[in-house]
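Presented below are the structures under discussion, each in the form of structure tokens.
Presented sequentially are two complexes of chain A, the first with chain B as partner and the second with chain C.
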Partner chain A sequence: MAETLPIRETAQGSAHARHGSNIGQPVTRRDGELKVTGAARYAADHRPPGLAYAAMAVSTVARGRVAGLDVAAAKAHPGVIEVMTPANRPALAQDPDAKHHPFMFRMDLLQNDRVRYANQPIAVVIAETLEAATEGAALLAPRYEAEAPAATLADGEVFVPRAVGVGSPADLAVGDVEAGIAGAVHRVMATYDTPAQYHNAMEPHAIVAEWTGDGLSIDTPSQGLAMARGRIAGLFGLKPEAVAIRSPFLGGGFGSKGMLSGPQVLGILAARLVGRPVKLVLSRAQMYGPVGHRAPTRQTLRLGADGEGRLTAVHHHTRTASSRFDDFFEAASDVSHTVYASPAIRTSYDAVRLDTGTPLFMRAPGEAPGSIALESAIDEMAAACGMDPLAYRLLNYAETEPMSGKPFSSKALRACYEEGARRFGWEGRPLAPRTMRDEQGLLVGWGVGTATFPALMFEAQARAVIRRDGRGIVETGAHDMGQGAWTAFAQIAADSLGLDIDAVDFRAGHSDLPDAGIAGGSAHTATAGMAIHHAGAAVIARLAELAMGDERSPLFGAGNAGVVARGGRLLRRDDETRGETFSAILDRAGLAEVEGKGSSSDGGPAAGDYAKHAHGAVFAEVKVDPDLGQVRATRLVGAFAAGRIVNPHLVRSQYLGGMIWGVSFALHEKAVVDPRTGRVLNADLGEYHVPVNADVPSLEAILVAEEDPHVNALGIKGVGEIGVTGSAGAVANAVWHATGVRVRQFPIPIEALIV
Partner chain B sequence: MTHSLTLTVNGEEKTVALDDPRVTLLDLLRERLGLTGAKKGCDRGQCGACTVLVDGRRVNACLTLALTVDGSDVLTIEGVARNGSLHPVQAAFIAHDGFQCGFCTPGQIMSAIGLMAEAGPLDDPERIREGLSGNLCRCGAYAGITEAVRDASKILSGKGGAA
Partner chain C sequence: MKRFAYVRPSTLDEALAAGARPGAAYLAGGTNLLDLMKTGARRPDVVVDITRLPDLSAVTVLEDGDVRVGALVRNATLAADPAFARAYPAIAEALLSGASGQLRNMATLGGNLLQETRCAYFADPASACNRRRPGTGCDARGGENRLHAVLGWSEACIATHPSDLCVPLAAHDAVVEIVGPAGAREVPFGEFHRLPGDEPQVTTALEPGEIVAAVRLPGHGKAFAPHARYLKVRERTSYAFAVVSAAAMLRLDRGRIAEARIALGGVAARPWRAAAAEAALVGEVADDAAFHRAGELALAEARPSGENAFKIELGRRAVARVLRLAAAGTPDFAPALPASPFASTTGVALHG
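Right, the complex of A and B next:
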């Protein structure tokens, strides 16, 4: 059964306020009322009849083996039904350690007694109540044979990965970097450290799983329903059609719900073991291990510039870490392929293996840590050249993509710098640091950073229908993790069918629907949006064919002049007074409905000819207490250009959210790893600091107009991740400007600022 | 042994025979009374997603043992809209896009309503930010949240507003 958003009428009128129609309009969220009334159902909100509760026991050591579990004590606890360990875990059709392609990640599904990271699941207790399951898991009192873990970038043997990110080369160069640095007038060489970070979506990973006959019925959050279904089908030897996953709402994902995680599969296994529906929800602490994180990096930048300040060479080297048992390498250097013009650029990588869960995509993977290091280094070079940081960036503006030499499909970055600087009031910024104070004597600093993120497209399918009653149905298994899929796709769907948005039933969030690709890489709106666009066009083409071939239709013979669909009618393009309703066409043809299918991919004849990116400029003000070193980001202005904007209301929210992530990267969040035990010491929301409301007093996002004729027919680039980039560097650079202290360790520790 | 517990939840009296004294107010609401609006984000009182009003005051329902609120009046997000009409705070959250994923939203709204009761009309954004800083939003919808609460406060104190 498909998920349709149940929109109900309220005393205030329609559940969402409309200010016009469809693409480009600031429509409020169609799921808004469900979310503000508590009626939106997230995975853990489900409670099917006969439900049992599962709680995971997780390892407290980072490396070794489980030597003993007191299963008897757990089973003796009232309410405990069963304890799942490697000894009785139901069989799987596929080895959880099998890896048939690079993005099939190994899972910990109780396949043996090995421990390969802290917080790895080592047993699951299933009970009649949550309280009994939780207590049962505590009673297992595991004993370990522990081994010394590799915990930090300083540990272990350094090697060069075969590829980084999503198949990028680990070493890539254009021009002669060494000659460019040797011949430079100004040189900067600096090393920047970024920590391990955890996604910490507000919704912990959760699953409610029920075996039904020979199939599976699942509620679990997913940013990639088709991939999750395929992974589950593979692990359990099922046909994909036998697995139904509902994921109408995610309580945040940020990459952590892109790949099915081990604990979600443990919920399915637990349901099989006890023959009942089972709910398994991770505790916050359990999210620091088996569900991915952003790996730490140590980045070394070597820049050369001529006497005027023009870059002669950029070498961006990243050391990062993957787990000991799988491969994911944070592609932090790759941002230097794109941002600043230089005749010589080299990006390179090496890595170590740590006893952690495997790192994964986290909002702006690669770009976020890469951007803060590059923007800091560029700022250091601007200072070395005695130039204003904005003027310096404009001097080294890339007219074509520096690494590839390709023209940009569109690039309104100059307008972003201009509009952002004007709004922020950048003009008159003193060049020297530590020269501005506010009325309370706090040090004030201003910084800028360039934002960039690739405009990606993946593959997706959609199905569209127009019914005889004139209503449309559009289906694709899209994912709403907060970006506004329920609304933005309905807008695209309505335009594709020439209908008012309220005349379209948009269905998403279910694995039975056509594959909408993934909600990741900031590519979901463009990818699934183009599939919807094509599906709608196919329906309209079919209707036009029916009308133009029928002499009873006012559109008969429109032929080459063609027709246009608007407001539930087909109109002659050359004479819009001549037309008829969709219903009239279907009535006469004796059809209940017409259907069209559409797909999208990163293709097109000119796909490879252009460098495709969204761009932006972020300006930040910070205030620093000169005695305590305490930093506050008091004001941020971001100006972003990302092609056609489907819904400015929602896109602004994406930018602002990204900018807050940038503030967090520069000033707040960090997983503190104990080098002796390999455990995350601050695995909770009290000590892993994410910004609270009072941390971000003033934020503004400017939507800079940009038309892109090349990225896709709709002209859409992504907006979900770009806000993180640029922002983090702008804040770091503002801290330097406030204090005169260049801190190369993030988040910036306040003790570094007391001079 | 079972423990008898009587509560008024969203204006309705409920008597619960609780078989386990370890049950928190949050788990009582979510797993036994079917009121899943309040969310569990951390189970440690660190995120605020579980915020409900107990006798008009904001509490983290995850840190509150159900048995300790015997006889209390509990208001959850499900009880905020009345007769099909959204509360001004709810309407303002939609108008100002004060949420993205929506998971923290029930807690944010309950916290905002509680804050208004504590502090009176809220015109100063800094006061709103401070007063709502026990409610984390990882999506970063803080600007919209602050504007929404300010706007709703104006409406509730009879000074108009745009929502």
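Right, the complex of A and C next:
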């Protein structure tokens, strides 16, 4: 069964149909009413008949082995059905520690008694109620043989990873960095620390799993349905078609739901063990371990500049950490490939292994920590050169991508700087720090940061249909993480078919639909959107073929002139008074419907010839209490250029959300880890601070026009992650400008500003 | 979750009887107890919901001018009581600076007094904590202790009391009215919360089975109303516990200080009354020099319990600042960001 939103037809659709286009319209999100009325059903809202509830018991040590579990006590608890441990966990067809390719991540599925990180699942209790399962898990009272864990970047042996991020080289250089620094007039060398950060999507990972004959029926949030289905099929020795995953809504993903996580598989195993449908929902605290996180980094920037301030060398070195049992290295240095022009650039990495869950993708992986360090260092160099930080960035503007030498497919960054600076009121900013005060005497500072994020494309498929009644159906297994995929893809689908948005049934969020790729890398709209675009075009081509070859059609013989689809009609491109409806064409052909398929992949023939990135400029004002050190980001203006904007309303929300994430990165967000035990001490939303509304009183995002003829036929770049970049650095730089204190530890702690 | 009996008495006698059962815990707003039950730090056998008890939800002006606030008065209710806020503005400001709007709607006065420390090791049953389980040790020593106590701590425990509300209550010389199996009694606010010493598990003067019935505020405290402020330094602008907080109340007489009250929050296992600093201010001109000296005196005995030496200097500065704010006068309206350094209380009109 495909998922279709039960959406009422709206007046909006017909209004913008008059403009001949759905793309570009600020359509209100189509799932909004379902969400605000509680009608949208998330994974954990499902309660199939016979449902049992599972609770994980998780390790309170970071390294060692489980020496004992009081299974009898847990089983004796009223309502407990079964306790799943390594002793009775149903067999898997595949070793959860197998790694057939770099993006197959090892899972903890009770394969043995080893503990490799705190909060690792060590047993699952299945009961008639959530309360009984939870207490059963507590009654297991595990005993451990604990070993001393490696918990911080200062622990353990340093090594150079084979690759970082998504297969980037761990050492890459252009030009002679050492010569560039040696010959420089101005030099900056500084080290910046960023902490481990953990995923806190409003919806924790959850699964309702039910075995049906030989197959599996699953409700679980996913940013990558096809990959999740393949992973489950592999683990359980099933054909992918036997696995049905419904994921119409996610309460946020941010990368944590891109890869299937171990706890989701444990829910499936629990259902198999008890022969009933099982619901397993992670507690907030249980998110801090098995579902990926952002690893800490220690980044050292070495910059050289000539007498006029032009960069002569950039060396961006990152030390980060992966888990002891798998590889994911936060590619923080790579942002320096792209942003600032320099004849010599080197990016390098080393790493340690920690007894943590494997770090994984978290909104702007690599770019977020990399950007705050690079933007801070560039600011330090601007100060060393006695230059305004914006002027300094313009002086070192990259006309071509510095590391690759490739031209940019498009780059409206100058316009972002200009429009952002004008709106913010940057002009007249005093050069010296600690010179601005507000009427209360609070220190005021202004900072800027450059935002950038790659415009990626992955592979996806879509299917489109036009029916004889004139309506369209478009299907792709796309993912709405809350960003508005239901709406943006429906807009693309409508344009691809030449229909009004309300004349298209758009189906997504189900693994039976064509593979929409992954909702990650800020690439979902472009990737699945292009598949939709091609599927729609295939249908229209088929209709055109029917009409142009039929002498009863007013389009007969349009031939080389061609036709266009608009408003449910095909029209002659050279004479739009001549045309007919889709229905008429299908009626005459005696067809119930025509179908087309489309796919997308990374780029066209010229794809490799260009550097493809979205860009932006973020301006921040902070106020700092001169005595008490408390900081508040009082004003942010971000101007972003990301190619064609499918829905400005949704895109603005993405930018604002990213900018708030940037404020969080600079000022608030941090996993507090006990260095002795490797345990996260603030695994709850009360103590793991992210900004509250009062922390972001004024945010503005400007959508800067940009046309990109190269990224894809629709000209779409991504918008989901870029807002984090630039913003964090802008806030940090504003703190320096307010106080004169350059803090190189994030989030900026209050004690650093009590001077 | 552990199975427990839930009882909801409708009379005080019933409540006290239920509270005498083994493993009983009183439940009011639940904003702290329920969290601790979820982590497993508290595992009561009987939860005695006292929210339906009569006579504990009123704010009453007594004949002698004292104000009696029932233990079940919600934080949001008390903060929104205009007469109360006029009489005790620093208390109202502290209330509004605490937690979040939702939590203030649930949290009660009595529960606020009795809330546990926010030390992460206390809330975590897998950690050593003398306060939670006597004799097990203190994982906060040598662990994560950036926000822990700098005053009144012991080798056994370096936890702080996290309350905002209790800070001005301490400054007001409030009296805690207690009812229990042995009858009613009163405890001065300054003696209600205990410093850890060798018995950190004994956190208050309450005996087993006793209930906080009310807090009584001396009527004399209203004399401070024109110069009473609360200041809270925190790591985000709302919904965060204080790194350091301070309440200050002054009576001024022709520019000189006739009487001063100062208390600090987030620095010790109880709201910390700074008596020496208060005494030193009497007779002084109300200026920054005097306020800075008061800050020095207030933290004179402070010493770090870990990576938290910065809190000592921050405490000094917070005292100096809140005294300056108090001297400048209580604003006519509560600031939009109560107790915040960003409250915008000078130079601009508040609320139009």
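Just so it is clear, the second predicted complex is superposed on the first by the 740 of 755 C-alpha atoms of A that agree within 3 Å, B and C clash if a C-alpha of one lies under 4 Å from a C-alpha of the other, contacts with A are read in each partner's own complex, and residues count from 1 in each chain.
The working rule: contacts are C-beta pairs under 8 Å (C-beta built on N, C-alpha and C of every residue); 3 or more make two chains touch, one makes a residue touch a chain.
In this text the structure is predicted, and so the values were computed from the model without any measurement.
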Partner chain(s) touched by A:Gly38 [first = chain B, second = chain C, both, neither]: first
Partner chain(s) touched by A:Trp661 [first = chain B, second = chain C, both, neither]: first
Given the touch rule stated above, what does A:Val692 touch, chain B (first), chain C (second), both, or neither? both
Tell me which partner A:Asn200 touches in the superposition: chain B (first), chain C (second), both or neither. first
Pick one for A:Asp70: touches chain B only (first), chain C only (second), both, or neither. neither
Applying the document's definition of touching, compare chain B and chain C: which contacts more of chain A? B
Just to be sure I read the superposition right, which of the two partners does A:Glu135 touch: chain B = first, chain C = second, or both, or neither? both
Have a look at where A:Asp625 lands relative to chain B and chain C in the superposition and call it first, second, both or neither. second
Residue overlap on chain A between the chain B interface and the chain C interface 131, 135, 686, 691-695
Write out the stretch or stretches of chain B touching chain A in their complex. 19-20, 22-23, 27, 30-31, 34-44, 46-47, 49, 76-78, 80-81, 83-86, 90-91, 93-95, 97, 99-106, 109, 125-126, 128-130, 132-146
List of chain A residues in touch with chain B within their complex: 10-12, 16-17, 28-29, 31-42, 44-45, 47, 53, 129-132, 135, 200-204, 249-254, 281, 283-284, 480-484, 649-650, 652-654, 656-661, 684-686, 690-697, 699
In the complex formed with chain C, which residues of chain A make contact? 60, 78, 131, 134-135, 138, 285, 439-440, 442, 623, 625, 627-630, 632, 634, 667-668, 672, 674, 676, 679, 681-682, 686-687, 689, 691-695, 750-751, 754
How about chain C: which of its residues touch chain A in the complex? 1-3, 35, 39-40, 100, 118, 120-121, 124, 126, 139, 142-144, 233-240, 243, 310, 313-314, 317-318, 320-321, 337, 340-342, 344-348
